[in-house]
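Letters A, B and C name the chains as they come in the text, with residue numbers starting at 1 for each one.
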Amino acid sequence: MIERHTRRLNLFAACSLLAVCSVAGTAHSIEPGDPEPEVQQQQDPEIAPEVVQDPPPRPRRRPPEGRPGRGGGDEAASPEAEAGEADEEKKDDEAKGEEPEWLAITGAIVHTVTGPEMDGATVLCKDGKIFAIGHRVTVPEGAKVIDAAGHHVYPGLIGMDSSNIIGRGNPADTTDVYGLAGSLARAAGLTTLVSGNAVAKIKNGTLDGMIVASNMFEDLRYDTNQPRRRAEVRKGFEDARDFLRSVEEFRQDDDKEEGEQPPQERDLSREARSALRLLRGQAKAQAFANDAASLVALADLAEQYGFEIVIRGVTEGWTVPERIAQAKLSAIVVPRDRTLADERTNRPNGATIENAAILTRHGIPVAVLPPGPYFGPGTGIGLSGLGGRDMLNINMSAAFAARGGLTEEQAVRTLTINPARMLGVDHRLGSLEVGKDADLIITDRPLLDYMMLVRYSIIDGEIAYDKDAEGIFAHVRPTDPDAEHPKDAWPRRLGAPW
Amino acid sequence: MNRDRYQFRLQRLLGAAAIGAACFTASADSSTAEAESVETKTNVTTQKADAIDVLVIYAGKVTTMDGDDRVINNAVVVVEDGKIVEVRKAKGYKEPKDAEVIDARDSWLVPGIVELHNHTAGALRDLNDSVYLTNPGLRTLEIVAPETEEVRRAQVGGVTAAMLIPGSGTNMSGFGTLVKMGGSSVDEVVMRAPGSIKIAQAGNPEGYWFGVGRSFMNYNTRQTLEEAKAYHEAWVAYENGESEEKPEYSIVFDDFRGLFAREYPATVHTQAYQLVMTTIDMLANKLGIRVVLDHSTIGAFRTAQLVAEAGEENVITMVGPRALYFDRMDRRIFGEVARWHLGGVNRLGINTDAPVVPQEELTNQAALAVWLGWEPYKALRGLTIVGAEAAMAEDQIGSIEAGKDADFGIWTGNPVDPTSWVKMTIVNGKVVYDAERDGRRF
Amino acid sequence: MALAAVRNSILGGALALATSAGAVAPAYGAASDMVVVRAGTVITVSGKEIPRGDIVIIDGKIDLIGTNLEFPKSATVIDARDQVVMPGMINAQTRFGMDGFRRSGNNSGETAAKEIELSLFDFEPLISEGFVTAAFVPTGNNMPGRASVYRLAGPDGPELLNESAYVPISMTNPGGDKGQLEAAIRQAEAEIAKAKKAKEDFDKKQAEEAKKKAEAEKNGEGKEAENGEKKNGNGEEKPAEFQPPEIPGDAQFFVDVLREEATIPAVFELSSASDYIHLLDALGDNAEKFGTTYSFTSTSGDFKEVIGRLGEKNAHVIVRPGISFLPSTTIRYSIPASLVAAGCTVTTVPPFDAPAGYEAMRLRMADLIRTGWSREDALKSVTMNPATLLGLSDESGSLEKGKRADLVFLNGDPLDPTSSVKAVMVGGEMVWEDDQ
């Protein structure tokens, strides 16, 4: 075990040593000659990542003269195509005489997530979309510029649940767009949340463009302890499959009688209609499952009928990662899950901190959620004071996944591109790519650093959270180091010592 | 090991069954545990007959947490019979032949973490015998269970000692016990009993009965303590020959003698400004008890000046499990610890109130405090030596110094950073958790 | 007690003939129904406050306001020189005393008047605090029905002035309200489309018939001339008139709004700033047509977020008086003052619908004046502004010539919380007096 982690340990040791230098200050001496990280070992084939890496980014094109350049889009042509559309839009705008809204973030360490990490690059946003990323981007005149030197830029984080931050049901109908919970979520770096069956941005004071996607999931209840329910689900899939066959037969039937109707969806049972959406790829299934037996059952079902499942929980996923990977399922895990091992069970079971890492190593997309406090609102944000276990510290859930063995890069993905893909919104969210939505956060430290504070959250190219303006965290490591500490409602007798 | 497992299950079943079962479980525990400890002792004696038990740990970095705040890189720590005998640079050191060696040259060696507010080291999760509003005489010693799942969780979080205290359902719910998070018998794990007296100021005890308010509760607590103090003073007078009359022994008050002799502190459930003020005034200033403020949250940082006035040697502030305070006057989130710190209080520690926050996340509590403005090194002190000071066991635990117990965590990095994890936990020189041997758990 | 004195003076028939060189009243005939109120101070609201002012009332209407007026001996004089007289106050939105109907959905065709059985109502708590007129809103969720305006007292008892004054639409619970509002708009659009189609069908049919007729005439020329004559002989048939399809009562208001033919406003109830954003979202492109009248059902400080936008549209806002705080802070915020500063018109209603709410109202308003609201705006917010909102500005809301003589007599300034209402006059007749 130790050997398996050696390489990472060294990295950690190196990072931590750096950390302690700043930690310790002058209170104690640190002697030179710290253990150097050994030469990196050959990677153990057993732990070699099998994750299919995104293709390396294409070289950036030099921007034509006088025009803002555009940076390293990766993957297929779609972002390019969208950028092309953006150009057309620009022409349209010009034709209409409307000035586009430019926002430039300069000098930061840009974590594109799907592409390379770029130190000192500029991210240029136009009308709420990312227009260019790169070192040679020309910032157009009149653009709003955020000098983010020494800061980090990440895509806005995506929370896979929301209990009290945005509204329930249809968030566009129920969200308090000026609510404190929204501000806190943006302060935590979240820009998008899942509520009910919708993906919604945590917009500030507006509902425009709030809903990114809806009806992306069909609930799949396939519990091992409910055999009748499982039979119903399977029958639903069979019926849906038959239905598709008969639709196809009807289509190919050359001598239809006049007035003969094709098979009607409304005649199907609810389970079958749900299954039909899954078989047609119109939705993904969403299921809760924690024990290995349920996970395997879901994997079997998905393989048999060929559809995708996003599973919440997945506590024992680490015991059957091959099955989950083979069926191409996705997992939403709680890294700090503390389900006890049942000693009566004759196989590995219970929760482990390494779950996210093991699943990732097998190529399973993983998203993370916080554990929720002992008494509190679960996946919302609570102000009862029991911190660190809700959405306000969502980045620490990824950090705990890193504690369990994920690399920093993989851990960042659990809050960005992985959930975006699970939700089918990765064409707009989850990474910094040209053409995607300008939803990003500017942080004072790396995302997984426990002292990280968000400086700005930007949604659709607009500043939706500004640490200094919101006040919530403005006094913690203030931007102006000479700023006074906030005064308090002090009892007069005690004076005001700070 | 099999027997241990059986025992756990038995405990769990019985624990769930009824409160009455507690006595049975506890006795069952101690009897089996005793049997086991006999075995262990036998082993020890045989070994002792041969040679002294030497453990040598090479570490990339040792955070000693000693009086000079020394941090030694490339160090070696030598342990004999469960006690630290030497802490030095590794260069030039040669371990004895038969010594057991742990090579952690790529890791940090950190003192075992001390938890001052824990409800999980017993056979039951908690002791809340809400018989009277004050229940002097009750003690958690009776329910100590050396190897429970919660103890294992503490080990994987690098916690090696904890003050197992009763709950806060009444103003005084009994005496706590200072226990080690490693060992298989009650005798082995108990460091000191009583470890503290648990006092709860308002808040939770208000649920005891209708009409019980703060005035009465303070009066009642004071009454019990005054009686106990009188009992103690009578005995002192008798022992010093100042009085000829031998006081009558009282099972209710006898355990209080150590409290007034300042051999152990009162761990006080107290939070919010007014309550902490009362605690400091009544217990520390008027009754002369050494006080550990055991929550110190919900804006209690406003009493920072009072703590300074009372003296940090008399009042030690352990903050938690609440980490943040939402200031509804000004729409701000304060770190509870950071505000104490800014208020000028230096002796600050952290607690989890486990299981309110899981025991293994004690270090994460420190991370949260630092996130909101505390200092990382102070946080590491708060997790270790300050906890030991609060427990009044700083001569035994809390730092890596010659003469102290060999309680360590071997960490992959700074324990305050949640991405660091425990590779090995050592209690009294024995490895109680080894991620490689036992499987990684946290 | 003061009122008793007034009564005495009336009964004694003591005439006070002012003869000084001030304004001179026009020569009155022997109008036996002339009443003259001689006040300590007259708060006209529309104009200046007049110290030692006299109000001349003929046939229940104000004829003249001035000082040192001359009037005939036959006039009844009410001596209220130790009192302050102001216009009767108007409550623009109340559910006081209404049955707790729990209906929900679009009931905008209903009216409060249908629920109100006057014989069962006791308006004294309102009248004794100076309210002369009130708009009652039906109970229920979403769109519970139209507000009905009553004069709370008069020579012949309470009187219904306007059964349908405005349409309250709740947006205080957007999760439920939004869908209902959208549904109501969709229904109205469907009705409009139906009417349009009916008209088209009708026109088409008419055209076809005309064509047929023309063809028939063409074909049958000569041959069927007789028949044709015969037809004509039956008398000139009236050209068929288009009968638009009937619109359901609950859809009528929304149809009118969408056609921009509505005669009464919609009043949107909002409990927080976010509700306004949801309202705009629900109204979509039709937002302009629905006007800009709102009712803030809470004193939440987060209204600050949208008050600027409301001001740009010169919205009319009904508020509950009370000091607000910016969310999660102790920073005080005055919603009415901010609304006025932004360019809105403010109407105040009691903080809650209970006698205590009516009693607390002037105190709460005084609080707000202390924190930045102007006295003039505060007075208008219970008189002129609600009168405008309810379409009563021709007869109520201020003391001006031609308006109904609805007066409130107080023993001090109305915004001095220690003052109290001593008597209330409606249409020139005393309807209530403090009998202590």
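The rule is short, and it goes like this: a residue touches a chain if its C-beta (ideal position, glycine included) is under 8 Å from a C-beta of that chain, and two chains touch if they have at least 3 such contacts.
Here the structure is a predicted model, which means the values were calculated and not measured.
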Arrangement of touching chains [line / ring / star / complete / other]: complete
Pair with more cross-chain C-beta pairs in contact, given A-C and B-C: A-C
Distance from the mean Cα position of subunit B to that of subunit A, given in whole angstrom: 38
Subunit A and subunit C: spacing of chain centres that average the CA atoms, whole Å: 52
Separation of mean Cα positions, subunit C and subunit B [Å, integer]: 70
Junction residues of subunit C - those touching two or more other chains: 327-328
Touching two or more other chains - residues of subunit B: 326, 329-331
Where subunit A touches two or more other chains, by residue: 180
Subunit B contact footprint on subunit A (complex, rising order): 1-2, 5-6, 9-10, 12-13, 15-17, 19-20, 22-25, 27-35, 180, 336, 338, 340, 343, 352-354, 373-375, 383-389, 393, 396, 399-400, 402-404, 448, 450-453, 471-477, 485-486, 488-491, 494-495, 497-498
Contact set on subunit C toward subunit A in their complex: 174-175, 178-179, 272-274, 277-278, 281, 302, 305, 327-328
Subunit B residues within the subunit A interface of the complex: 5, 8-9, 60-61, 68-74, 105-108, 149, 153, 273, 297-298, 302-306, 321-327, 329-336, 338-339, 342-344, 355-358, 360-361, 364-365, 367-368, 370-373, 375-377, 380, 412-414, 416-421, 423, 435-436, 439-442
Of subunit A, residues touching subunit C in the complex: 167-170, 172-180, 205-207
Residue ranges of subunit C in contact with subunit B within the complex: 326-330
